[in-house]
Every structure is written in C-alpha cells, then in structure tokens.
Amino acid sequence: MTRELTGSEAAALAEALVPGSVDRTTETACYLKPDRLVETLRALRDDPDANLVHLTNLCGVDYWDHFEVVYHIQSFEKNHLACFKVEAWGRENPEVPSVTPVFHGAWMQECEAYDLFGIRFAGHPNLYRILLWEGYPGWPLRKDFLAMPGGLQPGLGEFAGVARRQEPPVKVIE
Amino acid sequence: MTGIIKSEPFVINIGPQHPSTHGVFRIKATVDGEKVIDAEMVMGYLHRSMEKLAEERTYTQNIPFTDRTDYLSSMSNNLGYCLAVEKLAGIEVPPRGNAIRVIMAELQRLASHCMAIGAFANDTGAWQTPVMWAFREREKILDIFEVTSGARLTCNYMRIGGVAFDLRPEFEPMVRRVLREFPPFIDEMEGLLSGNEIFIARTRGVGVLTPEMATNASLSGPMLRGSGIAWDIRKADPYCGYEQYDFDIPIGYNGDSYDRFIVRLEEMRQSLKIIQQALDGLPGGPFRTEVPLALRPPKGEAYARIESPRGELGYYLVSDEGPSPYRFHIRPPSFINLSALKEMTVGGTVADAIVVLGSIDIVVGEIDR
Amino acid sequence: MTPGIEHFLTVGALLFCLGLAISLSKRNAIGVLMGVELMLNAVNLTLITFSRFAVSPNPIAGHTFVVFILTVAAAEAAVALALAVAVYRNRETIDVDRLNLLRS
Amino acid sequence: MTPFLVSDKWYDIRDLGNLSREILEAADRILPFGVVYVLAALIGFVASFLLFVLPSQLIVGVYGERRIIGRMQSRLGPNRVGPFGLLQPIADAIKLIQKEALTPTRADRAVMYIAPIVFVMPAVLLWAVIPFGENMVIADIPVSLMYFLAVSSLPVIATFMAGWSANNKYSLFGAMRIVSMAISYESPLVLALLGAVVMTGTISLSGMVAWADEFNIWMVFVQPLALVIYFICVSAELNRTPVDIAEAESEIVAGYLTEYSGMKWGLFYGMDIGYALAASGFAATVFLGGWTFFGLEQWVPGWLIFIAKTHLFYFLFIWTRGTLPRLRADQLMAFAWKFLLPLGVFNLLIVSTERMLWSEQDYAKGLIYVFALVNIVLSVALVYAWARFNGYRPEQTPTRPRLVKQAGGYIPVGERS
Amino acid sequence: MEGFGPSFAFWVLAALTLVAAGGVMVSRNLLHAVLFLILTFIGVAGFFVLLSADFIAMAQVIIYVGAIAVLVLFAVLLTPRSGRDNGETRWALPGILLAVCLAAIFLFVVHDTAWNTVDEAPAGLDARALGTALLTTWVVPFEIASVLLTAALVGAIMLTRSPEEEAEDALV
C-alpha cells in the first residue's frame, strides 16, 4: 500500500534537505515557497531517503484570489506519494517556476496548465498552448472564464445556467 | 540514403489525417531523407474541455464524461473517477461491488490490450491480420459489457459506492468462455508476432527508453514496465481489493517497443488470472452502497489513481462542499506517456516513429479530453 | 519505302548529333550525362546496323562491341552520377558553368 | 512429346493454340501479307484478356485476394455482389469510374496522367512470352526470359512517375523508396534466374518448359534457393506486403498512390494483381515446369495445369501478405545486399559447377536427381551458415517478459526478483 | 527487310526515337528530360529488335531503362529542387551549330557511300553465338570490362561517402 505522506511529513522531508523551503502545511499537502521550489524538488528527487523521482501529476487549481499548482510526486522504491503545492497570486500574470529541468515529464502538463489556466511557468523551454490554438481568447478553466472578454462561446451560456439568447420575437396572430 | 549528400530537411506532417496516428493527432516531423531530426506534437483536435464541463455537473453526472475520455477503456475510467469520489467522501464499497469492479476493469484491460496489440502490429505493417484477430476476441468482451451495462464502448457502469446493476445470469458463462478462449488466442498472437523475425527486426531497439528516462518523463503503465521498472498501481497501491489476488508484474529488458509489446501480451495473461480468481470467489451481498444522488463531499481534496490499461490514471478532485466538484482534473496516462515521444523518435526513421507511436498506445480522446 | 542501311544510319547519325548538342549545351551535369548516353545509344544503333547489313565473315562482332559499350555505359553512368552527387555535396551546385575548380 | 489422346488438329479444343494456329495459317493463305499479324494480335489480346485479365480480376481479385485474406483474418470478405460476391470487382470498377479523379493543383499534370497508362502496358505485355500450353504462346521469341526481365523493369518508372508527379511529400517518399528498391533487388533477381539459365542452357521460356519435360524434374527441386530469392525479390519489386515499403500504408499513407483517386488509382490497384499474376506465371514456367506435370498434360489441357500452378504460386503472395509485418526501408536494402546477393552468387557458383560436371557426364538423366538432392541440402546449409556468419542469433531474443511479484523500482536485467 | 510490317515499324520507331530525343533537348524540367530519355532508349531497343538483335534489345532495356535511367532518376531526386532545371549554358549556340554541322557531314557520308549490304539477316546472330564470341574471341576485353565494372562500383562508393563515414574509416 502506497503511503500517502501527510503535509507535515512531506514538509519534514523538504525542510531537512532545503531549510526554509516550506511555506505552510495542511493535512494532505505541503506548500512550498515558489522561489525555492525547483531547488527543493531537485533535492527531494536526488535524496535517497526521500527518493521522490516520479512526478505523477501536475495540475493547476483556481481559487479566485490565487492559483495553486499541485505536484504529486512518488517514489517507486520507498512506495510513497507526496503532494506539494505552490501558490501563485494575482489573476493578471500568475507565475510559478517550471520544474521541467527537474522532471522532464512536467513539460506537457505545464503546457496544459498554461493553456487552460494561464499560469506562466518561468524557465519552461517551450511554453505554448498545447490543446487550444494560439490566440484563443481567455483561459477556459478559470472560474471567471465565461465573464472574460470573448470567453463566452455560443452555447456555453446555457451550461452556465445563464440564458444569453435573445428573446424570440412575438409572433402577431391576425 | 541519408548522409550521402547535404540534403535540405523538410517538414512532413504525420497526421492529423494519417492511418497510423490512431485518431486526430499530428506529429510535425522534420526529416532529413528518411531520418527524423525533430518531432513536434500537435494535439487538441478533440479537445472538449471536460474538466470545465465537469465543474458544472454533480458528482454522479460526471461519470459519463469519464467514459468519453479514454473510450477504449471506459470501465477503468469510471472506476478511477468513482474511487476518487469515494476517497473524497469516505464511502465504503461492499465486497461484491469491489469484485465486480475488478472483473470489469480486468476485462477492460484485455479489450484495450487487444486493440493496442492489434494496432501496433498494424503499424509495423502486418496487414490487418493481427488487428482482425484481436478484434474477434475483443468482441466477446464487448458482448459481456453489453449484457451487463447495456453499452459496448461507453459503458457508464460504475457508480459512486459500487456498480450500477448487479450481474446478470448470462454473465458468468460468458466470462468463463473468455477465460477459456483467451489463452489460445494469446499463444496465437505470440506465435504470429513475438517470434516473428521481421517483427523483431522492426521493434527491437526502436524507441529505447532507459529506466532513468522513463522515470523522469513521468511515464507509467507498460511504458514504465517495458523499461524494467516493476511498478504497477495494483500491486503498489491496491484498490478494490487487488491485494487478495495473486498475479505478477511483467517487466521488460531494454525498454524498446518490443518490450512494451511483450509486456502488454503478458499482462493479458495476468488479467485472465485475476478474473479467474475474482470470479471463483465472487462474494454475495449488496453490489452498491446507497449514496445520495446529490452527493456533497466534505471540503478537501483527493487524488486517487488506478492502473488503467495505458498506465496510471489519476483523478484529482477538489471539493468545496458543493454538489459538483470544485476542480476536476484527470491525469491522462496516454497524454503524459507522450512526453518522451521526441526523445524516442529523433534519430530513427519515419517508419520507426510510427512504430514508437504505436507502442505508446495513445487514445486521442484521452490526450485531448 | 523499305528501310535499308541508309535509313538506320541516318537515324543513328541524327541521334548522335542530338546527343552531342545536348551534352554541349546543357548546364546541368545530369543533362550532360544524358546527352552522352544518347550518343552511346546512337553508336550502338550504328554498330548493330552494320552487324545486320554489312557483308562480313563475323557479323556477331558488332553485337559484341555493343555489349562492351553497354558495360562501359553502365559504369560511366554510375561514376558520373556519383561524381555529380559528390560535387553537389562539396560545391552546392552541379551547374557545369560554375564548376571552375581548376580555374580559380 | 506425343500426346496420348490429343491429336494435333484444330478442332481439339483442349489446346487452344492449335485452333488459333490453324486459323492464322488459313488466313495467311487467303489474306494479303501483314493482315495476319493484326489478326494474331487481336486473337492474342482477346485470348489473354479472356483467359487471364478477366479471370484474374474476378477469381483471383476476389477469391484469391480478398476471400483468402478474409479467411486468414477471420472475416468473410466480399460476398454480397453477385453469386458469392463474384461481381465485387465489377462493382468496384463502376464505383471507381464514377469517382472524380482528383489532381492536386501543383501536380505535374501530364506525368500524373500518363503514369497509370505506363503502369498498365507492361502488365499486359508480360503475358506475351509466357507459354500457356504446348503451342499457346503469343510470341515465342528466343530471348523470352530477357524479355520478361526487361518489361518488368518498366513499371518501376511508372511508379516513380506517379510518386514524383503528385507533388506530395508522402508520394515523393514512395517514389524514392521504389527507386532504391529497384536498384537493390534487380541484381539478386537476375542472379537467381541466371542459375536456371545456366542449368537449362536456354533463355527461352518454352525451352525451359521443354527441359523440365525432358528430364522430368522441376527447376525448383534443382535450385530451391533460387526460387526463394526470386520470390523475395519479386515481392519487393511488386510492392507486395511483407516488403511493400513504397506504399506502406501505415507509414507513408499510400506512398506513390497518395494523391491518386478514381479509376487512375483503380488501374494501379488492379494492375498490382496483374503483375503479381504475371510474376507467378513466370515462376510457374521457370521453376515449376510450366504447363507440364510429369505426363499429366496428356490427359489434362496444359493451360489448366499452368493456371493451377500460377495460382498456387500466387497463393504464396497472398499468404505472406496476410501474415507478415513489413520491414523498414534500410533493413530491406541491407537484406538485399548482404543476404540475397551473396546467396545468389553462391547459388550460381554451385549451379555452374554442377552444370560443368553434368556436361562431362554427357547430360546423364539420373545425375540431375543427385544434383537436386545435393542442392536442397546445400541450400539449407548455405542459408543457415550465411545467417550465422552475419551474426544472426535467434535464441538471444527473449520473447517473454520477466515476472516479478512485488512492486518496486528498477530491476536490472539478470537480477532475480 | 521486306514488307509492310518492318517498314511501318521503322518509321514509327524513327519518329518516336527522334521526337523523344528532341524532347530531352527542349524540355525545361529535368525530370521530363529523363522520362523522354527513357522513351528514346525504348525506341532504340525497338530498332534493335528490327535489326534482329533480340538479345541486345533486351539487354538495352534492362540496362538502360532498368538501371541507368533509374540511377539518373535517383541522382535527380538527390539534388535539390533548385538543381532540377534543364537550362542551357552560354555555349549552347556553338554546341548546337557544331552538332548541326556534324549531322550534315554524317548524312552526306551515309547517303554518298555505296554500301555493300546483304538483304537477309546473316545467320548466327543469336544469344548463343554472342556468348560464344564473348568467351572465346573476346574473352580478354570481357574480363577487362568486368574489372572496369568493379572499379566503377568501388569508385562510386568512394565518391559518395559522407564526411562522417570518411572520418570513421580514418580511425580504423
């Protein structure tokens, strides 16, 4: 059974390797400081005790006032899974460092997070909109996507529960 | 042919309309003669923004979406999603439900690997014969799905807390038939392809992934096991009671396309073993825990993963105590398995690139979601 | 009009002169080679014509010559095309006007 | 050979050659000079069309190709149009004629238009020299083997024209591949046939059939290796599936056919079968004794035996097509130069030596059977030895993965889990 | 060479061969020129058949169409698009003039000579006689030709090696 590290366990691992890297912890996750992120993850990957070598999952979450990027990293030999998070504040130009130099497999997932959330990953070798086309208006997975300029696509209004259609013209019965 | 003269490299679009991209997927390959010197992936032709749509629906309503991501293994996708919701809401599944889930997931693995192996053989140029044989066997499994869930491809069978319906009386003989008829088929495929000199020449040493590379590129499933890493979520992080069943993890030697192929073939044998055990020890009792239709899980997050036929299929859910997930993220195995595509194809020929793509076993519905 | 030796020789001569004109006037090295091949063909035609029409104790000699010419033509084509490819690799052109390696 | 029942008269319909010869000879007495050539051409054309092109399209095109392959792939194959689906090719042809034959904007229109025509002509011309029966050969020229080789080198040009003119990158790939294939596979093919020529001492196909009849042995028993080389080379030149890299549909879409549609495509497709049949007929003549069958031809019309042998050989093409994957282009080149060419040279050396011994023994009839036995053994030994010499070790490839019980990290090869 | 058939064949072949050779001269596109060249080769092979040289005709098709033309096509493909035009040099006019003068001389010679000819094709022009001649009377040139072919093979391989391959060989 894979041991899912609690936030404090993960924080202890990270603190032991890179002091001062942990921002805060929750029950399930450990928040890292963005400026120490790459360094910390590299140390955790290379350390034989932590051995967090496999970046399983990387995704963004929109919390209205800030974005979180979630990293699920696991170890094959120790068979444990840790959840790290990084916060990016600001809706205009949220930016977190890219972990692609540490985990090659992150590049596509970071592209996806950039494509759908608009989170910029500093240091990514080739950040482009991987699923949508270049010049797509807005960032679809943001919570305010439908209110964005050009964000409302035909047909999406009904899904959001907001009828944006014109009222049908009243037919005059003679 | 190449290297004789200073030839001008030119870009060749493999896809989106190409017989071997298994859907609308495109590789922009820069080739020098027949040698690939750069490969860039273009995807998103099938993007439906499922993660956004799921945020507008209740937890139960989202199950059909998961069918449509990886349409070749809808049962596994249902299962992964339901596990994530159950983890988030703390719901226990009765033993019969778990056993049915295991049988279904393994049958789905058989069906999906049939497709993967057949299509892979087609990519190496075996003109339709292996894929037809594989389809013949896959039909039997799809028939079982049809009897059980009413649908063949997008089954929508798993429910939060169990499965949708109990098994029908026809189910067991049909599965027994599969158990009886699959081993000869796998042996047949082995005779047709595994020992075939041309097949070996085409796939041995093509698209080699070292274990370090495979780990660092976040690969999973047969891609990882082909490189010699013994990692299977069913063993490492058992769900649905997989710890009760006796099976082995097949792992490859060099991490080339051939190893991925034989790993898939062996996984089918192991799946049959699991189905046999699960069917023999199928417990009675309820098949589902009753959960409210408008489920409101407590505030929090959950990441649950299963071993889908293509690799680690994870669902990351965030709940804000609302009736629909606040964040619904799929970790699609075939999308992430593509992250090493460039490294595997560059340096080989165009024909090798096709073989590598076939050995990854992509499903475009899952890549684009 | 029944074709005799003159007719065949005329065709051979015209073919030869066309080949000559091509090999003298073309800018592309491959074009020049094609002219040379045409000339060789014309010579073959003439030899076979003589072998068929001429009064000779040993008419097969003409055929033998043609076999040798075929051999030489094949060897020549292989080497010439290899040269063209090699020259293109080194000089980025096979324009015979600009192949002035010895001059400059 | 004295026929048992068959007299040499024109009314004996078992040998259609007699009939046509009688007609032509009668016509030559009546008609002015030259008209009889036109008549002969007409008869030849009609006969070849009726006997081969039509049945080949109907029976082989559907039953040989699609039904057998369907059977191999555990499906039915065409069975709807006409009795047993026999009219399927006609339905296909009608469909193809109705379809628009597209030409890309920047294609080389003239060349693209001519290419299918150039492709079809040699397929018909090839049949001119193949003896269907005792007197049933349209043009019994003394160098018919050379003629066959010469004509069969023409479709390469046509496929190249098709691939190059379409101005499509995939087509260009196909053209490039077919040109390099033609260069590589022509020489082992000729070497393999040279063995047969040396043994029989003739380059006439009728002469080869006569040789097989005289010594009561087929060339395939004397030179099994040559037949194998011929089969591989001819598959490569005809783009049959194990080596169909020029139109490899999983790699380069359809190769040189990518931009073709409608009946222009149909001509290529149909004539693929025509070429395969012609190659099979050639192999049946050179290696399988043509229209003779150890005396059976005295009871059964020779052309039936010939057609049976042709289709037997053609079945080999279908079989390989239904079972084998495709090699890569560079592997195919390496195979031709490293494997087939040396084996062809060895085969030629062996055959030449035997021929010398044989001529010293004054062509004793029994000796050829000894040679056959020796050659069968030698061929197997030669292939085995040459493969070993080239570093081929089949037992070094494990075909089953390793099995481990416990999940964990990387397990190096050789380590027990 | 009596009768309608041979003379008809002659005129058709002559027209075909000369028109195709002219096509090689005038076509702008190098690929078209090669295709015309192939047509010329086939026409010449037809002449050989007409002159009862069957073996030579077949050898002509096999070697010229099957090998040399394919090689030329291959070389054309290996040169990039810019190298595929078939234009003339500035020496075109003198070259053509020279060819025309030569043609005039040839034609004069051909038609002003009293050729001592036979009407019937001489016996012994078949492949067997050719082979016997090659391996008895002409055996030394035959061997030299084989050496020449080997030398050409080796030379062509050496010429087209890429710099990397040369570097590899230098290490050995």
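Residue numbering begins at 1 within each chain, and the chains themselves are lettered A, B, C, D and E in the order written.
By our rule, a contact is a pair of C-beta atoms (placed from the backbone, for glycine too) under 8 Å apart; a residue touches a chain by one contact, two chains touch by 3 or more.
None of the values given here were measured: they were computed from a predicted structure.
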| item | value |
| --- | --- |
| Nearest-to-centre chain - CA centroid comparison | D |
| Of all other chains, the one whose Cα centre sits farthest from subunit C | A |
| Selected pair, greater C-beta contact count between A-D and A-B | A-B |
| Between subunit A and subunit B, centroid-to-centroid distance (C-alpha), Å | 24 |
| Distance between chain centroids, defined by C-alpha means - subunit A, subunit D (Å) | 61 |
| Between subunit E and subunit C, distance of the C-alpha-averaged centres to the nearest whole Å | 6 |
| Centre-to-centre distance between subunit E and subunit A (centres being mean Cα positions), rounded to whole Å | 70 |
| Residues of subunit C whose C-beta touches two or more other chains | 85, 88-89 |
| Contacts with two or more other chains, residues of subunit E listed in rising order | 3, 55, 59, 67, 71, 74, 78-79, 160, 162 |
| Residues of subunit B engaged with two or more neighbouring chains | 4-5, 215, 229-231, 236 |
| Complex interface listing, subunit C residues touching subunit E | 1-11, 13-28, 30-31, 33-35, 37-38, 41, 44-45, 48-49, 51-56, 58-61, 63-64, 66-68, 70-79, 81-86, 88-89, 93-97 |
| Residues of subunit B that touch subunit A when the two form their complex | 43-44, 47, 49, 51-53, 56, 213, 215-220, 229-231, 236-238, 243, 300-301, 303, 305, 312, 314, 316, 318, 326-327, 329, 331, 335-336, 338-340, 368-369 |
| Contacting residues of subunit A [partner subunit B, same complex] | 1-2, 27-29, 53-57, 59, 61-62, 70, 72, 76, 79, 81, 83, 103-109, 112, 116, 130-133, 140-141, 145, 159-161 |
| Residues of subunit B that touch subunit D when the two form their complex | 1, 10, 12, 18-20, 34, 121-129, 132-133, 136, 190, 192-202, 204, 211, 215, 225, 227-232, 235-236, 248-254, 259, 262-263, 266, 349-352, 354 |
| Residue numbers on subunit D that touch subunit B, as the complex places them | 69, 72-75, 169-170, 173, 176, 180, 241-242, 244-245, 248-253, 321-331, 333, 394, 397-413, 417 |
